[in-house]
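The two complexes that follow have chain A in common; it is paired with chain B in the first and with chain C in the second.
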Partner chain A sequence: MPLSVSLSIEGDTTVIELAGELDAKTAPDFHQTIEKAAGHGTSTVEIRMAGVGYMASAGLRSLVFAQQKVADHVTIKVVGAIEPVSRTIRTAGLDRSIVLSDD
Partner chain B sequence: MTEPASEQVLRVDAYPTHEVGGYRVRAGKPFPFGANVVPGGVSFSVFSDQATSMTLVLYKRGEPEPTAELEFPQEFRTGSVFAMTVFGLDHENIEYGYRADGPYDPVTGHRFDARQVLSDPYARLIAGRDVWGVEPDRSRGYQYRSRVCLQDFDWGDDTPLGIPAEDLVVYETHVRGFTRHPSSRVTAPGTFAGLREKIPYLKELGVNCIELLPVFEFDESDNPRSNPETGEKLFDYWGYNTVSFFAPKAGYAATGRYGMQGDEFRTLIKDLHAAGIEVILDVVFNHTAEGNEQGPTISFKGLDNATYYMLTPEGYYFNFSGTGNTVNCNHPVVRNYVLDCLRHWVADYHVDGFRFDLAAILGRDLDGTPLHNPPLLELLAYDPVLRHTKLIAEAWDAGGLYEVGNFPAYGRWAEWNGKYRDTVRSFLKGDPGITGDLATRIAGSPDLYSSRGTSASVNFLTAHDGFSLADLVSYNDKHNEANGEGNNDGGNDNASWNCGVEGPTDDPGVNALRTRQMKNAMAILLTSQGVPMLLSGDEVARTQQGNNNTYCQDNELSWFDWDLVDENSELLRFTREMIAFRKHHRELRSTAHPTGQLRDSLGLPDISWHGERAWQPDWSPESRLLAVARCGTGDDDVVYVAMNSHWEAHDLELPALPGGRSWHLFADTGAEAPHDIRTPGGELELENAGKYLIGPRSVVILVGRTPDAEF
Partner chain C sequence: MDEAVKTAGTSAELEVPATMGALGDIAALVLRLATRAGLDKGAAYRIRLAVDELATNTVMHGYRGGDGRITVRGRSGPGRVQISIEDSAPAFDPSRGRLPPDPGTAPERRRIGGLGIHLALTSVDEFGYVRRDGRNISTLTVMAEGTDPCPPRP
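After this line comes the complex of A and B, so read on.
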């Protein structure tokens, strides 16, 4: 299933909404969007992942990439990830630097 | 972000030159070995000296049958290395292996069989055993599937801790066993992630190094036995049967099913480092999971049997490991393989050191002869990448080579000191004729390591192999019936004593004695010179119910029961304070062996021996009492440790102290908790300065300091 990626700004938050499968094939689209988001200069980048049914390790690397791209003071939030996806993020240790929330 | 055109470098090797089996390919780079992501594709490189042809076998992830088989063109072979870059692969979703064709002639050592798909010896990930204990589909032809792995973990500012060896307090544990018990209450029991949740416990305990039983991919289901009483399947629980040397065990990762075991393990190491705790891996290079002639063909056996294994002139496997085969460690190709493997774990996983299982084998020549100057051991000692890692040898093997004290060290290698274990155990149970040897052991075994310093001696009383500490004081004999080997497995020479009753008892006197004996063990271990190593769970009296060889027991015999943290908080507190005490007294951690020479500043020798009378140790065969006073560099305190394994109390005359110092009580295992031990710095000044009554089978620790000394 392809990945759809959308980008919007809501106040001081840049919102990236993902739906589909985040794997090695689709991650480059996500990366391009992260780069755009990093350029917006908002204090928060919120990645809405409720529509992501599968995330391969490429997806985790994308989140690491996002951390490296945004400025130090920018908060990255992952919102609405289904349990298998959020568990993967937690067990890989990314929950220490990325805010995981249900909604 | 795409680089500006002017800054882009046109790489010719990003383009194919050939087509094989419908895939665009070009000759790969022979080095590095393994599967490595390169621009546009994946480069595969594998060594085989005698193969006549080599085929790369590609699978879609999880599919039973290959999607492609690509034979290496002859022009892609450099020397004995086959290397090919395949373009357009989705490296995340492929598995791969090799078919090596060549002679099948066991007498000359060759066992090529092109029907077999072989794992890559350099595979960074292995699929096929992603979740612990899931019964594999054995009808599949290719069980242990090599996978491609990116090495792009974000280590942040993680750097090696570089803790001096003499300052280490090592904690030997098992990734699964540490948190698999339901009482652990972690989110991912039995995994790297679960262990990570217990870092605060380790930090509070005070250990600064964990030594992990094998974490390289092994197959826990390769044990054919079952429990004769219950019929339950037995496992290869410990994991000393390596399938793949570069791959972390997927079944130890909550994310193993996603192929994320590498990052999960790295995250654990990164967080341990942040907590001030180093990581040592127990590595097994003496044998592999391929066994002997009857064993499976997984990798080495089919790729280059005659290079990787020590073979008899008839082509059978030498068995110095006791497990069927012996790795040909000092063959030049295999030496490099071992070196590459260890470099990988240091550079890509930030591991701090290694403990080598049956390391005496690493000093044997191609035909098994012990070498005077083993090139592998020298290579590892001087390697630039491994330069500051800890190298610890289990300095014996199953072929009868026992090198404790004689292991070729090159100024780098330390050893598990089996003589320390045997002597202190014997003293604890009250054997006669031990005090002389006990003195040598607690002073850092100068008889064994005179030129290497005290930190060459890793002191331990218990390890995974043998009784736990609680069982050491609860059983005279091993009780290994659950292993299904008729109680014939495991060591018989345990130097254990059950304190009067074999196994569990309600007798409060016996239980009190056992607790005291465990405290005695901790007190002696943690005040001995050398590097102390604790077995995980001993600090809370973990029992294996008398089983001294739980290699196959994936159950409560092996798991850390976290309810014991509360139930045995008295022993836990004692251990914690003893570790803190060691950290606060540099004289216990001196790298130099004591000489008995006077120290100018205090007018006391660096070490002195005492008995019931000060300055008069009793070395006679019937003596079971020894006291030692240490006065070292860096601290102005004097530490006095009296050890009484006699069943009667004794009056101790204490040595007089210079400079207005007086004796303060830190620990007395004969006292009821909470008076058995104090917090370092909070020692209680003795009222009767010259004497102390040491109880039966007790250890007393005093500190000689000025009453108002700031700690």
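After this line comes the complex of A and C, so read on.
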């Protein structure tokens, strides 16, 4: 299943909304959007993942890439991830540096 | 192999080229077997993730982007799915290639390679590996009543 990626700005937050499946095949699309988002200079990058039904380790790499691209003071939030996706993020220990939020 | 699985289960086999484009076919097979076995969504997700990670690893690192084939054999029985993944890439035992997250290193500074294998091995209830006739054979089992070793959401 393909991944759809959209990018918008809401106040001081850059919003990336994902829907579909985030895996080794589709993660490059997410990477491109992260690069654009990092250039916006907002204080928060919010990644809305409620529409992501599946995420493999390639998605984790994308989240690490996002952490590397944004400035130190920028908060990265992952919002609305379904439980197995959030489990994958926790298994990698990324929940210690990325804010995981239900909504 | 569990006798109940042999007699009551159904099996399937798929051979695909080792390409990213083939991963969807592998996932479809795994999910079909998971449904037949009566696995719930969480268990079905775990077996799909584990097989996907190992197959992706074979495509990207096993054959190093070159030509190759991956054979997936699956068996579903009441409450369990067992999948074997075979390739003829250089010998690689995933249980020796895993890289658990290092709590002492900030995530953004961590080496991320090996994490996919760690995810795969923590997603299944049983894992086995053999090298036979020049082929890597990994066997993964997820049970409906299995234990998810990942700590629950805090």
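Everything below uses one rule, namely that the second predicted complex is superposed on the first by the 103 of 103 C-alpha atoms of A that agree within 3 Å, B and C clash if a C-alpha of one lies under 4 Å from a C-alpha of the other, contacts with A are read in each partner's own complex, and residues count from 1 in each chain.
The definition used in the following text is that a contact is a pair of C-beta atoms (placed from the backbone, for glycine too) under 8 Å apart; a residue touches a chain by one contact, two chains touch by 3 or more.
All of these numbers come straight from a predicted model, not from anything done at the bench.
Three-chain overlay on chain A, with chain B and chain C in a clash. Of the two partner chains placed by superposition, chain B and chain C are both touched by A:T88.
In the overlay built on the shared chain, the residue A:A58 is in contact with chain B and with chain C. Ranked by how many residues of chain A each touches, chain B and chain C are led by C.
Once chain A of one complex is fitted onto chain A of the other, the partner contacts of A:A19 are absent, as it touches neither chain B nor chain C. By the touch criterion defined above, A:Q67 lies against chain B and chain C together after alignment on the C-alpha atoms of chain A. With both structures placed on the common chain, the touch criterion links A:V79 to neither chain B nor chain C.
With the complexes overlaid on chain A C-alpha atoms, the stretch of chain B that clashes with chain C is 110-118, out of 110-118, 470-478, 578-586 or 668-676.
Residues 23-25, 56-58, 60-61, 64, 67-68, 87-88, 90-93 of chain A lie at the contact with chain B in one complex and at the contact with chain C in the other. Interface of chain C with chain A (complex): residues 20-21, 23-24, 41-42, 45-46, 48-49, 52-53, 56, 59-60, 101, 103, 106-108, 110, 112, 115-116, 118-119, 122, 148, 150-151, 153.
Interface of chain A with chain B (complex): residues 23-25, 35, 55-58, 60-61, 64, 67-68, 87-88, 90-93. For chain B in complex with chain A, the residues that touch the partner chain are 1, 90-93, 150, 152, 154, 187-188, 191, 193, 196, 253-255, 258-260, 263-264, 267-268, 270-271. The residues of chain A lying in touch with chain C in their complex are 1, 23-25, 54, 56-58, 60-61, 64, 67-68, 83-84, 86-88, 90-94, 96-98.
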